[in-house]
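Each of the two complexes below includes subunit A, the first together with subunit B, the second together with subunit C.
Up next is the complex of A and B:
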């Protein structure tokens, strides 16, 4: 290829760096790791939601052949350690989470003891033989239980179970509601569900006593955070801990948490130096004890003017935070996101929203793709659908009347977040065009006349705050601020490029994306770039994968580091060839004088000089050819999206059948078109799972009724329709122009499915998920016919 | 989710399997396709002392029609039943079972022995008034569908007995309808309907501990609504996570309507002629 033909990697569906490994069954997951002298851990988990622990008798377990040890929360190796999610928010109640239960258990599934054995079968045999005495306490399961009814609080520090409460206020809601032409009220609940990555949690911990070094292989999304937190919890220097996240089979936020099991595994490894310990979570454990999400209640009132203008919203929100304030994100993660982004892409002056994080005797809630907003978009769009019905307006027209437009940017939302997008109407316009609303309206009328199964059109429009910088704190004032990532770009002595990026990947192709960005910033071919991620001994710093941040922030750092090394290459090349550096350009690994076809020197020759031929190094140049840069976008990049679907409902069976689904997102500059569309498709699929299938149900005693995938229904490819994805690309103000795209798709499906139901059948759904029996009960009143 | 310890015996013949069951006292369990048993073992909900693997027993994979009856050996897999044309009702129902991997491993006899009340094949066996052949220490016997199913996951089979073959009479007309939450799930409600001469057997799965049978005189298209209502009145379903009793009753009525619509209508495929 000549230099003139060299095309940027960005915008091209290059072959993914990960494909050879992941598509041929040669991925390297924590579960695949086998180390000499390795033993396996199984946890004894509480079968009771809330109880005092009176005795843990391990004697029977220790008699099982192959069982080496049993650890409890009171064991000296663990007794002094607690995970304590910290926040400076006023009124936030800090509580401790022990690595293994101490004194009492707070949810069914909480780890009470750990059994170490030669293999996992024997460890489970041992776990069965541990006898635990529980003295039951009254459990609280529902977060909107009257606090007066709480007799046995989850944590003594919070007698009413309230860990956090905050009120967002803007304007004068009372006056605006009084002046409204139409006022609508909704009371909604959203269904608890979780991320359920195909690979559950997994860890291998190895401690070498001689040099006090701990290595923790973990399927984590946040290896650098884990290293920092482990150093504090285990009282080890940060530099003595190495966290390695190899290939990881999905995360979705569930693995952005440092879990008590992780800490227990490391503490036990320290207590048994030289013996690597492996714990691979199974699906039953995952459903029981990995973080859940979205168990919320919304009591809402909205006022509209006769022309459809949204005048005021008042909201009372309860989020079930489960038994512990999730570490390190705190019980604030869902309620604060709910209050901060409830109003979404709509202009609103008068807003009052009180959010609460309430502890219950259920598995802790944590980050899950979209954090709270699948629920808040459902709540907001339900208000708009109710408003449209009350005003007899077209639901899409009502939305248009209220969208934040380009002229309004930057728009200060009533929660004081600053929106820099304004592409909502463009996304909606494109979605309406691709979906062809008129065609579906005609089909709707035809079916009505013909007496065929009704079809409804659902709408969901959303904003997605991505790539949060230091100033865009949607987080709950934690002791760390997650604005930046680092990237090191190293040109090797042969001219090939190794990138040490702080990003992590759980299947979303970050090696590829980072390689594309570096290839373009540096001026080399995509194939010349190799990317290393997930190892704290290799990359300098990265907060990891959450809040759709890595393409924006990790990508920004990669771009800056690549450009920085490019400058170094050109300076050295200019000095070697005695050409003014301002005239030089690096393309496809060759240094050119601008405008000239023939290169003056290759990158590999420059690199050879830099490392191996110090005799040729010009005066003032140090050996080596690498550079490290941090990037922080300071604010964030709002991404816009709109989804429309046509959904058929069978009044006889309640069956819900998706006939068409269109999504248009503004992902800014698109680095890899297939990866971006894959992110959107996957997130819509998870959104549909939450809207129609996935529901973690507890009974009144706090037992999980949906403990296997037989009862916890995840959508399969058979349930997800062909998705039609299109784009509006407004580059963001950051080095690569990208907007985060990892979560947006999950935000609309709740609203779309519920909106289609009311559009098709005229019945409003208040409680998700929209299941066939729910549709049937709504239509037939729940009575026996 | 790892199995508790068990002894493993690979049976070489039906007699050998029976002897192994006897040797295990009442702690033995037959392993065929493993699609129900293995998850139950992994969850430690069952802990048999011995697994008797019949997969290598010769002569249990027959699948043929004789005298108007489809005979399926104990090792016939769901995929084979779904793929045959000799008994279209059984083929149609088998296609609703799980996914391809499950149908490739799971056996017809295993599904009947497991006796999940929401599974497809117990309903089909009862709709066709079929039977299973069983070998035990005292010889073999034939157990009709009406006596095989005793309750949810409970059958008439003794601890030392093993199913060797399944008999499914071929109906003159048939219909099958099922409602499940997802592709491949156990039915919320399923209905198998089969007509033999002037008698129609309607069997509803998912509404009781055993497949629920209602018989009727020959139905014309005009009788469908009435019979569907009568069947819905006759079932007494419970409520669970996937639907209330009232919803299951409504599903029973709708699915009976659909199954009988197929049975009485032109849509019911004529049986393939018996091979010479």
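Up next is the complex of A and C:
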């Protein structure tokens, strides 16, 4: 390619850098890692939800061939350590999570002991031979149990199991409700489900005692955060810990947590120096003990004016935080998000919302793609659907009446978050057009007349708060602010470019996206850029993958670092060729005088001078050719989205069939169109899974009754329909103009499926998921569910 | 126990315990870590390999049951010069993969599908691939990729 043909990589579906290895079976996952002298760990897990631990007898396990050691929570190597998620939020009750249970177990699946053996088979043999004596306590499973009924609290520090509560208040809800023409009430619950990446959690820990160095290979979304938190917990200097997240087989938030098993593995490695220890979680463990999410209850009241204006919302919210305050995000992660974002893309003056994080004897709740908002969007859209029915208005028209519009931007939400998008109506307009609402309304009428299976139209509109900077990430008041990432761009002596980015990837193709951004900012071809991520010894800083933040923040840092190095290249080139730097341009790895086709010097020659030929370095230039920049967007970039679907319901069987699904999002500037659409499609599929299939069910004793993938149903290609994805693109105010896209798709499906059901059959669904039996019982009356 | 089997055209002798799964034998014994384990109870399909041409959950088959069998894994799909199989190529172009964890099983299932049914329509592809769970893509790119590879492969046959 000549310089004249050089095209920006941004906006192009370049081949993903990850694909060559992932398609040929040559990926580098932690699960694949083998080290000399490595031993394997299996955890003994509690079969009981709540019990005092009276004895852990490891003697039988130690007699199993190949078993080297058994560790319990009371072992000196572990006994002094606890994970304690901190927040300065008033009223937040801090509690400890031991790496292995101490004194009592708080959920079925909690790790009680760790067996170290020559291979995983033998470690599991050992785990089976550990005898644990449990003295059962009364379990709490439901987060909205009357606190007066709690006899055995999960944590002594919180006798009513309440770890956190906060009330968001704006305006005068009481007066606004009194003045409303129509008031609607809804009581909703959303179903507990989880991320379930195809690669479960995995870690390998190795400690070298002579220089106190710990290396932890972990399938984590947040390696730098894991390093700083481990340093605190293990009392090691941060610089002595290296966390490496190589290829990771999916994350979705579940791997943005530092787990007790991770900490236990590292502590045991420290106790057995020189012996690498490997733990690879199996699916049964994952369903039992990786973080869950979305087990919420919403008691809602909304008031509307006769013209459809939304006047007031009052909400009482309970979020089941499970047995522990998830580390390091705290039990506030879901409730605070729920209260902060409940009102979504709608203008509202009068708002009162009390959120609670309630501890129960179930697996801890943590971050999962969309954090709380699939539930809150369902809650908000359910209020609007009820309002539309009460006012006899078209549900889409009612939404239009209340959307935050471009003229309202920046819009201060009642929770005081500042919305910079306003593209909701544009997304809705485009979605209505692509979906062709009139066509589906006609089909609906035709079926009604012909007596065929009814079809309903569901709608969900949402704002995705992406790329939170220091001002917006302040919510949970944790001892760290996740607003910034760093990137180092290095031109090597041969002129090729290596990027050390603080982002991490669990399938999002960040190596590719960062290479595109740097290629354009620096002025080289995409193929000339190699990106290294996920290793705390290589990249300076990055908070990792959560809150749809990396394209915005990591991308911003990559752009700034690339532009900075470009300036350095041009300055050196100008000095070498005695040309005014202001006249120079770098394209496709060649330095040009602007407007001239023939380059004056190549990037590789500039690099050779910078590293190898200091005799040619002009006065005032230091050797080397690299630069590091941080980026923090301070606030964030709201991303707008709207989804519409036509869904058929069979009144005879309750069967639910999706006929059409349209999503329009504002992703701002799009760096890689196919990756962006892939993020949206994948997140919609997870949203549909949550809305229709996925449900982690506990019985009253706290036993998980959906402990395998035969009971916990993730949608396949047979269930997920063709998804029609389109865009409006309003560039955000950040260096690359991007808005995050990782989570938005998950936010609407609950609302869309529930909305389609009421539209088709005239019955409101209050409890998700919308399964065939749920539909059948709503129509025919099911008695006790 | 000693077993012999042919993997991706190469004969191997392996010493395995009776309880070792085929997946573990491939991954640990032969360092073929392209075959992934997603659930170890036969549901997710990530560990799908072809045994004597038929798709098999390598987590549900003991290594000793593969005695004398011919096994094909993802590592054998590309040509000796590194040229990608049309399915691998199509998965890349159509974004049929994100994290890559389900990908080996998806590819092997699709290899079998196109071997027995060279031109399936999208509904057939969706039905036949429904034994493999992907958590990342929403399946759009996967269905596109299988459809596209089928066309490419049919085109080659015609020539």
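Quick notes on this structure:
Heads up, the rule we're going with is that the second predicted complex is superposed on the first by the 780 of 785 C-alpha atoms of A that agree within 3 Å, B and C clash if a C-alpha of one lies under 4 Å from a C-alpha of the other, contacts with A are read in each partner's own complex, and residues count from 1 in each chain.
Note that in this section a contact is a pair of C-beta atoms (placed from the backbone, for glycine too) under 8 Å apart; a residue touches a chain by one contact, two chains touch by 3 or more.
Please read all numbers here as calculations on a predicted model, not as lab measurements.
In the superposed model, A:27 makes contact with subunit C only, not with subunit B. When the two complexes are overlaid on their common chain A, residue A:737 makes contact with neither subunit B nor subunit C. Put subunit B and subunit C next to each other and count what each touches on subunit A; the higher total goes to C. Of the two partner chains, subunit B is the only one that A:776 touches; subunit C does not reach it. Within the superposed three-chain model, A:121 lies in touch with subunit B and with subunit C [touch as defined at top]. By the touch criterion defined above, A:395 lies against neither subunit B nor subunit C after alignment on the C-alpha atoms of chain A. In the superposition on chain A, contact of A:99 is made with neither subunit B nor subunit C.
By the touch criterion defined above, A:73 lies against neither subunit B nor subunit C after alignment on the C-alpha atoms of chain A.
By the touch criterion stated above, A:653 is placed in contact with subunit B alone, subunit C being left untouched. By the touch criterion stated above, A:697 is placed in contact with subunit B alone, subunit C being left untouched. The interface of subunit A with subunit B overlaps its interface with subunit C at residues 121, 282-284, 708, 710, 716, 718-719. For subunit A in complex with subunit C, the touching residues are 15-16, 18-19, 21-27, 29, 31-32, 34, 119, 121, 195-200, 247-252, 282-284, 506-509, 674-675, 677-678, 681-686, 708-710, 714, 716-720, 722-723, 745. The touching residues of subunit C, when paired with subunit A in their complex, are 17, 19-20, 27-28, 31-41, 43-44, 46, 73-75, 77-78, 84, 88, 91-93, 95, 97-104, 107, 122, 125-127, 129-143. By the touch rule above, subunit A contacts subunit B in their complex via residues 120-121, 124-125, 128, 282-284, 652-655, 693, 695, 697, 705-706, 708, 710-711, 713, 715-716, 718-719, 771-773, 776-777, 780, 782-785.
Against subunit A, in their complex, subunit B makes its touches with residues 1-5, 39, 43-44, 179, 181-186, 188, 241-247, 249-251, 254-255.
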